[in-house]
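In this document, chain identifiers A, B, C and D correspond to the written order of the chains, with residue numbering beginning at 1 in each.
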Amino acid sequence: MKPIRLGMVGGGSGAFIGAIHRIAARMDGRFDLVAGALSSDPDRATTSAAELGIRSYSSFAAMAEAEPLREDGIEAVAIVTPNHMHAAPAVAFLNAGIHVICDKPLTATSQQAREIAKAAEASSARFFLTHNYSALPMVREARARVAEGSLGQVRLVQAEYLQGWLADNVRSKQADWRTDPAQAGAGALGDIGTHAWQLAEFVTGQTPSYVSADLSSMVPGRPIDDDARVALRYASGAKGGIWASQVAVGQENGLSLRVFGDEAALEWRLSDSERLIFSPKNGPAQILTRAHDRSASFRTPPGHPEGYLEGFANLYLDIASIIRGDLSAADRVPGLSAGLSGMAFITAAKSSSERDGAWTEVSP
Amino acid sequence: MKPIRLGMVGGGSGAFIGAIHRIAARMDGRFDLVAGALSSDPDRATTSAAELGIRSYSSFAAMAEAEPLREDGIEAVAIVTPNHMHAAPAVAFLNAGIHVICDKPLTATSQQAREIAKAAEASSARFFLTHNYSALPMVREARARVAEGSLGQVRLVQAEYLQGWLADNVRSKQADWRTDPAQAGAGALGDIGTHAWQLAEFVTGQTPSYVSADLSSMVPGRPIDDDARVALRYASGAKGGIWASQVAVGQENGLSLRVFGDEAALEWRLSDSERLIFSPKNGPAQILTRAHDRSASFRTPPGHPEGYLEGFANLYLDIASIIRGDLSAADRVPGLSAGLSGMAFITAAKSSSERDGAWTEVSP
Amino acid sequence: MKPIRLGMVGGGSGAFIGAIHRIAARMDGRFDLVAGALSSDPDRATTSAAELGIRSYSSFAAMAEAEPLREDGIEAVAIVTPNHMHAAPAVAFLNAGIHVICDKPLTATSQQAREIAKAAEASSARFFLTHNYSALPMVREARARVAEGSLGQVRLVQAEYLQGWLADNVRSKQADWRTDPAQAGAGALGDIGTHAWQLAEFVTGQTPSYVSADLSSMVPGRPIDDDARVALRYASGAKGGIWASQVAVGQENGLSLRVFGDEAALEWRLSDSERLIFSPKNGPAQILTRAHDRSASFRTPPGHPEGYLEGFANLYLDIASIIRGDLSAADRVPGLSAGLSGMAFITAAKSSSERDGAWTEVSP
Amino acid sequence: MKPIRLGMVGGGSGAFIGAIHRIAARMDGRFDLVAGALSSDPDRATTSAAELGIRSYSSFAAMAEAEPLREDGIEAVAIVTPNHMHAAPAVAFLNAGIHVICDKPLTATSQQAREIAKAAEASSARFFLTHNYSALPMVREARARVAEGSLGQVRLVQAEYLQGWLADNVRSKQADWRTDPAQAGAGALGDIGTHAWQLAEFVTGQTPSYVSADLSSMVPGRPIDDDARVALRYASGAKGGIWASQVAVGQENGLSLRVFGDEAALEWRLSDSERLIFSPKNGPAQILTRAHDRSASFRTPPGHPEGYLEGFANLYLDIASIIRGDLSAADRVPGLSAGLSGMAFITAAKSSSERDGAWTEVSP
C-alpha cells in the first residue's frame, strides 16, 4: 500500500505534540510528511520545514488552497496547534476534501466545535481526533470486555488524570497557552479531563447524562481551572467520577480508569499501561497483558513494553487503513462525535461549577 | 504495669469485630478480659463467656451496675455491638466511671451521639473510638509529615474505601445489620466512609467545612446506601473527595489516602500498608517504610509485615497508657471528637444527597 | 480448651525473638506463659521475669528439673537463645517430657543437631521449629497448589532472603552473636538462608540432593559469611538456587520464592505477603489472596493485612492443637526433620564453598 | 542532517527482529532503508523488498559488491539473520567500508567472532551490536549512578532474563533456529543470557573474571540449553549471578538487574522499565523516573511510557550521530567489544557446565 501524503499545521521546532504526531505517522511507514504550515511565525515555519525537508506554507489557508491543485498534494493533514486554532484549519481542509487528523480537545469553544461539525457533515473527507490513550492495547481489550458483557451491568466508573507540572505558576511555551482561557478554553478540564472523559466513554460505551463539577484554580492568580472534580450520572443508573488535576505534585501522567460492573471489574493505569487487572466477582483477579489483547494493537511480543508513541502510532495506522478504504477499524478511532462529546463535557462541567455544582445535563 | 481489667459488650461467638478487639487487647499483654455481656441472647452470652473463661452478664446494664462494686471490677469496657447499640452501654459505663472503648462509627443517629457526648462530659472516665487504620505506623508518619509542614499547604485530599462484598443481595449476620437502616444508621457511608473521613482528618489535621454527596443503593431493593461519593471543601481552600463503596467488585478492603500539598504529596494504601510514598515537588518520590516511622508504632523490624491486628493493638496499647496516666499518646487516639466528626459527616452527606448534592455545612 | 502452660528459655529484656514468641503465643489465647529462664545473667533473668509476672529460674537446667515436679508445671517450653544454646535446653526439656518449641536454625553445629535428634527420638514430647514464614496463609496455599499438581512437574526453584542491615561492620546485641562463628555456626547462610531453604522445601515438598555454594564475607574482617549463593540440584532433575545476603543495601527482609513447573508457576514475596501470583501456562496470571487460601490460616477478612506476627501465631496455634491431641495440622508445622534438613544444607553448603563450589551431597 | 542510507540483510516478511530494526531506524527519521538482501529464499527476498519499496539483492554478497559502486549506495547495513549468519555478511560489509549494525549475540561460534573482529580491525567502517535494553533511559541512568560512585564499591550483581515461551517443545520459525545448536550456538544462554550479561556489564562497568555454570535442557529431547544458571566472580571481589531461562512459565520478558554496592543499591525491571529504584544505605529508597535520567534518552515527557522500540531507536539515533561524525555517544553504544565479551561468556559458561560447574576464566 502506498504511503499517504500528509501535511501538518503547527508543530514547528520546539513544539511538543507536533513531534509526537510525526513519530507516530512515521513509525509504521504508512505516511509521508510532505508539506506543512508549521508556524504562524513565517521564519520559524520556513526553517522548521527545511529541517524536515518538506514543502513550506506561510499559512494553513495557503496550504489548503494550493495542495488540492497538485497531483502529489497532501491527502491528509494533522492539526497540532493550540485548541483555539483547531477549527479554522479543520474547516478549511475539510472543505478542500482533505482528511483531518486533529489533536484534542476538539476546540476552545462550542461555537468552534459547531463549525467543524458543519464542515465535516458537508465534506467527503474524514475527521479524526487523536485521543491516543484509547488506542493502547490493554484499553482496547478493556473496551472489548465491557462490550461482550464480561462486567455485567456497569455500576461505577472512575477516571483520573493527575499531573503535577503546573503546581507552581510556571511560564513556558507549553504552560502559557494551556493556562490562557482564550487559547485553551479550559484548563485541566480540557487538556487532560477530556482524555479521562473519552477513556471512560470509549471503554464503557456510555456517555454520562449529567455532571456536577467543582473547578478550582489552586495556583493563586491562575485565570483557568487547574483542578477539576466532576461527578457523573449515567442514564443506566451508573455513577462515576472524573478527576483531572495539574497541581497533583509528584504525578507525571497519572491517567487511570476503574470500571465496576455487577459481575466483574477492570482497572488500568497508564503508569503500568501493559497490564489490565480483570477482577471477576467470584475468583481471583487476573493480570491481563498483550498476550490477551485480542485487538492485536502492537508490534512486539508481550513483555516488551510499548507505550505512548505506539498508542499514537496505532491511531495513525488505523487512520491510514480507513483513508485507504478499509473501514474495519473505523469504530475504534475517535472522531467528530468523540470531539463533540468532549466539548459537551467541558461546557456542562463549567456550567455546573459556576452554579455551585448543580447537576447539569450533558448535551452533545 | 498491671494489666487493665477489661469488660466487653457484644462480641459473642460468631461475631467479627469482638474477636478482633480481644486479639488487639491481648497482643501486648496490657489488658485482661475478665467480664462480658457478650450477647443479647442469654444462652449465647453464657456460652461465649464460658468459652473465654470470663464473668458473664445477661445485659450491659447489669454489668455496669455490678462491676463498679467489685474490688476486681473492670476498669474499661469495649463496646463492639452494632451501631445502634453503642449509645446506651456507652452512657451506662461512662456514668459508672468506667472507661469506654467503642467501635466506630460512634452511633446510628445524631441523637444517640449527643447522649454519649453529654455522658462523656459529665464523667471522669475516658471515651475512645477504635478508628484502627489511623494507628498504623505509616499513617502516623503521614500525619507527622503534614503537621511538620513537609507538604506545604494542603490542596487536594482523596480518601477511598472500596469493598465488593455487598455487590449482591447477600444475607449474613454481618451483612444483615449493616444494611438495616435502623441498626446501622448509614450503609457504606457509615461503615467504611467514616473510616476514610477519619483517616483524612487524622492525617491532614483539617475537617472539611462543606460536603456535596451522591449516595446510591446499587443493589436493587437495598434500603440503605451501598455507594457514597462525597466532594469536600475545606475552609483553607483545599478540595477533596471521599469515595466509599461496598459494591466495588474485586475490592477486598481498598482503603487509600492521597494528599497533595503545594510542596509535596503523600500516598498510602492499606493493600501496601507498610509503605508510604512521599513525593517532594523537586526530586524523586521516596518509599518510606517503618524504618522511617518516627512514632515507632510497631513490634517487629521493618520488612516484617505488620497489619490490621497490630494497628488495632496499637490503639489498645495507647489506651492502656492513657488509662494508666501517661497522656503522651492522647492526641493520636481517636475519641469523642472523632466520633462526633464522623456523625457530622454522615448527617451532612445524607442531607446533601437528599437535596441532589447541594453543598452542605458540616456541623460537628 | 485450657491454655497450655508455657515456659521460655532466653528472651530477657532487650531480646528480639523472645518478645516475638510471646506475642505469638498470646495472640490466640492458647498459651499462658508461666515460667522462664530468661537470661544467663541472673539479675536480668529475675528482673525480666518479674516484668512478665512469671516464675523465674536462674538456668534452664533448674527449670527443667523443677517444673515437671509441679502440678501446674509447664507443658511446653520456647527456646529463643542464640543458635549454640539451643541443643542443651532442648535435650533437657525433651528428657523431662516437656514439649519444645525451638527457634531456628536448629543448632550451631551438626553435633548439637544430632544430640537433639537423639533426645527427641527417646522422648514422649514433641519438638517444633519456628520457621514462621511457612505458616503464612499464602505460603500454605502455595504448598497446596504444588501438592495437588497444579504446577505440573517442578522444574525451577529460586528462593532469596536479602537483608542490608549488616552491610557495615555494625556492633549490637543482635549483630554480635549472629556474626560470631562460635555462637551462630553460620552467618547469612544459617540465619536467613535456612529460612529460604525451608520455604522452598515446604512449598515444593522436595529437598535438593546436591548444592554448589559460594559463601562470602563482603565486610572486611568479618569472620563469617554475610552472603551465600547456593545452586541446587534435585533428584527429579529440577534445578534451583538459594541466595541469602545480609549486605544487600536497601533490603529490609527481602524473602521471596519462585517455583516454575511445566504447567504453571508461583511467585511469592514477603514484602507483599498477602498476595500469591499463580501463572498457569495458558491464560493470565492470577492474584491469589487470603480469599483463596484454603488453609484458613488467618483471623481477619481478606484485604485486612496480616503479617509476621500472625504467621508466628499460626505456628503457636497449630502447636497448641497438636499438644492438645489434634494432629490434623502436624504435617504443616516444621519440626525436627526440617531442622535437620537445614543443618544438612548448612553443612553441605559450607563444604562446597570450601572446595570452590564442588557439587556436594546434602545428607540429612 | 541527511538521513543515512541503510541496507538490510535478513528481515524478510514474517521475520521478527528485522521489522523491529526497521521501526527503530524509522522512528527518528535519521535513516532511509533503500536496499536489502532480505531472505535466502530468492522469491521471498524479491517480494519482501517490493513491499518495502527498496532495491533487492539475491544475496548479501551481491549487495556488498554492488552498493559501494553506486553514488547513492548504502552507508550502513543492518544484519538481522540468525546467529550463524552474522559473521559472513558482517565481514563482507566491513571489507566494503560499510558500517555494520548487527543483532546480538555476535555470532554462533567463537571462530566466527574472531573473523568479525579481524575484519573490523582492518576496516574504516564501524561495527555496532544492538543490545537494545542498555539504551533504555533508566538503564543509562543506572550506569551513570554506578560510574559516578553513588553505589560505592559494587559487591553484588544479579541479572535475570526469564521467558516461558519454550516451556514446551514448540515448533515455529522463531523457535526452530533458536533451539538448533548449529544456527544458534547456544540456547537461553546466547539468546537472552547475553542480554543479561551485557546489561550487567554496561551498568557496572565491570566484566566478571570467572563463571561457574549449570546449563540445562528442561524440555525432554531439546538439543540445546533452555535454562542457564551462572555464578559470577569479579576481580574486585564482587560476586554475582546470571539466570536465563526460556522455560519459566508465565514470564514474558522478565529481564531485571539488581546491583548492591557498599553505599547504595539499584534495581531495575523491564516490566516496569521507566522506573529505577535507588536505595541509599541511609534514607528511603527513591523511585527514579525519566525526570531524573540525565542521558535524556527519550522523546516524550516522563510518565508517558516509552519502551522496547524506543530503546532500539535510541541505539539507531546514536549510531546515526556516530556515523555522521559526532562521537559523543560512542561509549554507550555496544560494539565489537560487547560482542566479544558476550561470546566469551557463552564459551566460558558452556565449558564450566561441561566440567560440572568448575570455575572457568572468562577470556574475551
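Quick note on the criterion: contacts are C-beta pairs under 8 Å (C-beta built on N, C-alpha and C of every residue); 3 or more make two chains touch, one makes a residue touch a chain.
This one's a predicted model, so the numbers in the text were calculated from it and none came from an experiment.
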Of A-D and C-D, the pair with more C-beta contacts is C-D
Note, CA centroid farthest from chain D's centroid sits on chain B
Whole-angstrom distance, CA centroid of chain C to CA centroid of chain D, is 43
Note: chain C sits from chain A at a C-alpha centroid distance in Å of 55
Whole-Å distance, C-alpha centre of chain A to that of chain D, is 35
Multi-chain touching residues of chain C, meaning two or more other chains, are 251, 277, 285, 289, 291
Interface with chain D, chain B side, in the complex: residues 277-278, 283-289, 291-292
Interface with chain C, chain D side, in the complex: residues 155-156, 158, 164, 167-168, 212, 214, 216, 218, 227, 229, 231, 233, 237, 239, 241, 243, 245, 247-251, 260-265, 267, 277, 279-281, 285, 356-359
Listed in rising order, chain C residues that touch chain B in their complex are 16, 19-20, 22-23, 26-29, 52, 163, 251-254, 270-274, 289, 291, 299-310
